[in-house]
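Each remark here refers to the structure printed beneath this line.
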Amino acid sequence: MRVSKKVISIVLILSLVVCSLFAAGTKEATPAAATGVTTLKWALWDIASTTYYEPLIKAYEAANPNVKIEMLDLGSADFMTMLQTQLSGGDSSIDVVTIKDIPGYNNLIKKNLLLNLNDKIKSEGVDTSLYGGTTDQISVDGNLYGIPFRSDFWIVYYNKALFDKAGVAYPTNDMTFAEYDDLARKMTSGKGADKVYGAHYHTWRSAVQLFGILDGKNTIVDGSYAFLKPYYEMVLAEQKDGIVQDYATLKTSSTHYSGVFYNNSVAMMNMGSWFIATLINQIDQGKADSKEWGLVKYPHAEGVPAGSTLGTITSLGVSNASKQKDAAFDFVKFVTGPTGAEIIAKTGTIPAIKTDEVIKIIASKPGFPTDAASSEALQVAKTYLEMPLHEKAAEIEVVLNQVHDEIMTNNIGIDAGLAKMSEQVQKILSK
Amino acid sequence: MPSKKTQIQKQLVAYSFIAPNFIGFAVFTLVPIVFAVALAFLHWDGSNPITWAGLSNFTDLLDDDQFKAALKNTIVYTLGTVPLTLISSLFLAVVLNQGVKGRNFFRTVSFFPYVASLVAVAAVWNMIFNPSKGPVNLFLYKLGFENVPGWAADKHWAMITIILFSVWKYMGYYMIIYLAGLQGINPELYEAANLDGTNAWQRFIYVTVPQLRPATFFVMVMLTIQCFKVYDIVYMVTQGGPGTATLVLVYDIYNKAFVSWNLGSASAVAMVLFFLVLTVTLIQFRGEKNMR
Amino acid sequence: MQITSKQTKTNTVILYALLFFCALIMLVPFAWMLSASVKLDKDVFGFPIKWIPDDIRWENYQEIWTTIPLLQFIKNTAKLTIIVTFLQLLTSSFAAYAFAKLQFKGRNLLFLGYIATIAMPWHVYMVPQFIMMRYFHLNNTHLSIIFLQAFSAFGVFLMKQFYEGVPDELCEAARIDGMNEYRIWAQIMLPLSKPALSTLTIFTFVNTWNDFLGPLLYLTKMELKTVQIGLRMFISQYSSEYGLIMAASVVSLIPVIIVFLALQKFFVQGVATAGLKG
């Protein structure tokens, strides 16, 4: 039976019509907020999936009726690149800037795009001690260009149901890397579609590489990386023995860490605290099968106390070219202050101000595991930034990512890889 | 002898035809390009004041590992993709030209890779060529191969993976060019060859290929330029990895421009790329002229 | 053809087998896309590949309209694509006529300038171009995308190659009849160039419809964004909703296919004659 072109066109047009019927329940794109007296433009990302933007804006606008906040979604994938492009050549349309990562933050400072907040902090009486020392980590020569409003740190998620089924004791809040490795090996079982992996490392280099900085003896921008050897050895051995999925497969299949956890196919997973809100939400919507889960603190090296972990901070800054710097800083002060922190905590995200109050709010959110160990896991002793503030951070990161990729795909031996990393980073440092 | 007045009038008329397109082109494309070319001799990060760099952006490249890897990879990629695409699209066109049934269907289908969204297509490709679970390697296992290729995750196979992907994507588009070219060949030539008692292969070599020279020329020029400028495909399939195995020139340009914000250096690499393309294209033009 | 009928039969079988194989490798990704578009995100990348999922999630096709303003995006993309295509066809064929059929000073140099710019990757002049656009206050307007895409060198190149295949005698005869150049273009060249115009239409349509980086940079206001940006919105910082991405990709592919089918007849002839006449 020959299907004529006409028929095909009709079918296609019909399907378009059907789609637009679906679209009848469409989400309307909201036009820009009407200008009140002062409109502040806030550059950020993922409006659709972030739960704390609306409550923060609503609360602030209620308290400040002559200010309107207009959100500018630049997408999360290349946010810092897009932000810097938008700001290039002296753009004054953006007032409040969200700072997503340290290398980007460093670039913004180098390009004089951020307002130096020292004066405002003094005159407005902002208490920087509330931020647990993170403001020191992002100061350049004593000058602060951003105030943290979110902090995320790495913890271990585990699947209670799988542990129960295997009859193995849950992970604890005080595990060494050796103990973590042991537990992962114990929990690996099965084959093919029924296989359960003991652990899971996402393809970001921070999931593996940064185990090495947790004893505080080295940083990732030192230029000498032999200290990473034992950790790569542990992970590659786990890969080889089938304890974790191998990096090459994960990378080429675009597998997202959330999917494998939802599917009950991994027993433990090291990941950031941002995943808590997503996990709760997805279980709630019925899209995740891993209903029984818990948290424990990150494993630690031998001889180092438990509770040290990696962290990232998301900060807010004010554009140096903004024409409404005072109003912008007032909003920044609100979001990064105690009121803002509580609003953020209520949505299940961890704010930068981590008081006991805040931890309690998060732990009592419906869907958060009810066992004591999980809320204790949120108590962090020391946070090491994933990428410390450094002038050449962006370039160094390119090398770190490239060599990590090579080592994890077994395209280069660990020793040769670490030597290459050291050599290339030293070249960058000496330029 | 046409008067001076009509001469000028003619020129003005000609310019008036070009004006709409050229003005838009000049303002929105040509001017930024000229500025970008100038940037190769300057230091700029997009925000701070511009400073003079002279030739230092270029001399720095001599010691730049990323650039050197990118240069080598781009040349390898082009040398691999151009002949393979040419041959496969020519072959497909010849086959389709045999008066097969459903020719229109095949023609439409072969165009799909070109129009499809790269995000979706790259994801599928990686799934199919997944080193441990993809159908391709599972099939190779069944055939008895012990050491199957690591495809996108193996530094020896990553470039081959990219080349294969590109050939797949471009094959249909260039096939259409050849198909049309084939239809333009005078059938009397084949009849004459027949009378001389030639077989199919000889007819292909001595009639088809020479008659397709204009088409081949067009394909080679466009393909070469396309290959030198490759970025999206590499970004989607291997992200330049593993390590720097598939880092190509435009990828390096992107890193320099938008990660390090060293716009001068990025422009310098772009100038190298541009001269490479120009040289190769001129060689092809010269070769074509000689063959006439 | 002096081949035995047995050979013809085997040849034909081999031919069809080859063609079938080629069609298969062309279509497999689409089959996968369709199959993925009705799966839950966590199942999209599962192995072994389940071509027909156990429970088909048609809800994906509903969710794409509510999670992001996809209808608005499609409207925007359609508007941009149609305007750009029209402008491209008009200005490119206009300019190409001069390059192909008229003599004027600086013709070759100008044309060379056009071609040379094709070799420049866009990332290189993206920032200067952006700053200039912003200076003209074209930021966050659809006009910015139109100006970027409507005046391409490629369009002029393609049309010029085609026009060169049209015999000069046609134009000469028209001139002798007293037609001015504009009428020659409109009444002789334009009708003859339907194949090339169809070709350019398809190219421009696909390019503009699939353009990602331009809209990403210039259209930051939500109500101005296009479909490709919409697709990436399903990849947020902490999750990738591939099921929805595939569903939206399938939907966004439909207009492209319609245009291609409609113009196919002209298109093949058009691609052929552009630049092939020696």
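First chain written, first letter: the chains are A, B and C, and each begins at residue 1.
Heads up, the rule we're going with is that a contact is a pair of C-beta atoms (placed from the backbone, for glycine too) under 8 Å apart; a residue touches a chain by one contact, two chains touch by 3 or more.
All values derive from a computational prediction rather than experimental measurement.
Asker: Determine, using the mean of C-alpha atoms as each chain's centre, which chain is farthest from subunit C.
Answerer: Ranked by distance of C-alpha centres from subunit C, the top chain is A.
Asker: Between A-C and B-C, which chain pair is linked by more C-beta pairs in contact?
Answerer: Ranking A-C and B-C by C-beta contacts puts B-C first.
Asker: So what's the Cα centroid distance for subunit A and subunit C, whole Å?
Answerer: 36
Asker: When the centre of a chain is set as the mean of its C-alpha atoms, what distance in Å lies between subunit B and subunit C?
Answerer: 16
Asker: Out of subunit B, which residues touch more than one other chain, so two or more?
Answerer: 46, 104, 123, 127, 130, 133-134, 258
Asker: Residues of subunit C that contact two or more other chains, please.
Answerer: Expected reply: 45, 47-48, 126-127, 232, 242, 257, 261.
Asker: By the touch rule stated above, which residues of subunit A touch at least two different other chains?
Answerer: 5, 78, 85, 88-89, 253-254
Asker: Quick one: which bits of subunit C touch subunit B in the complex? Just the residue numbers, please.
Answerer: 1-3, 15-16, 18-19, 22-23, 25-30, 32-33, 45, 47-49, 90-92, 94-95, 97-99, 102-105, 107, 110, 113-114, 116-121, 123-129, 132-133, 147-148, 150-153, 155-156, 161, 180-181, 185, 206, 210, 228, 231-232, 242, 245-246, 249, 252-253, 256-257, 260-261, 264, 267-269, 271-278
Asker: Give the list of subunit B residues in touch with subunit A in this complex.
Answerer: 45-48, 65-66, 104, 123, 126-127, 129-134, 150-155, 240-245, 255, 258-261
Asker: Touching residues of subunit A toward subunit B in the complex: what are they?
Answerer: Spelled out, the residues of subunit A in touch with subunit B are 5, 78, 81, 84-85, 87-90, 103, 107, 110-113, 246-249, 251-254, 394-395, 397-398, 402-403, 405-406, 409, 411-412, 424, 427.
Asker: Contact residues on subunit B for subunit C in the complex?
Answerer: Listed in rising order, the residues of subunit B that touch subunit C are 10-11, 13-15, 17-18, 20-25, 27-33, 35-36, 39, 46, 92, 95-96, 98, 100, 104-121, 123-125, 127-128, 130, 133-135, 138, 168, 172, 176-177, 179-181, 183-184, 194, 200, 213-215, 218, 225, 228-229, 231, 250, 253-254, 257-258, 263, 266-267, 270, 273-274, 277-278, 281, 292.
Asker: Subunit A touches which residues of subunit C in the complex?
Answerer: 40-45, 47-48, 61-62, 65-72, 126-127, 130-131, 134-135, 139, 216-217, 220-223, 225, 229, 232-233, 235-240, 242, 251, 254-255, 257-258, 261-262
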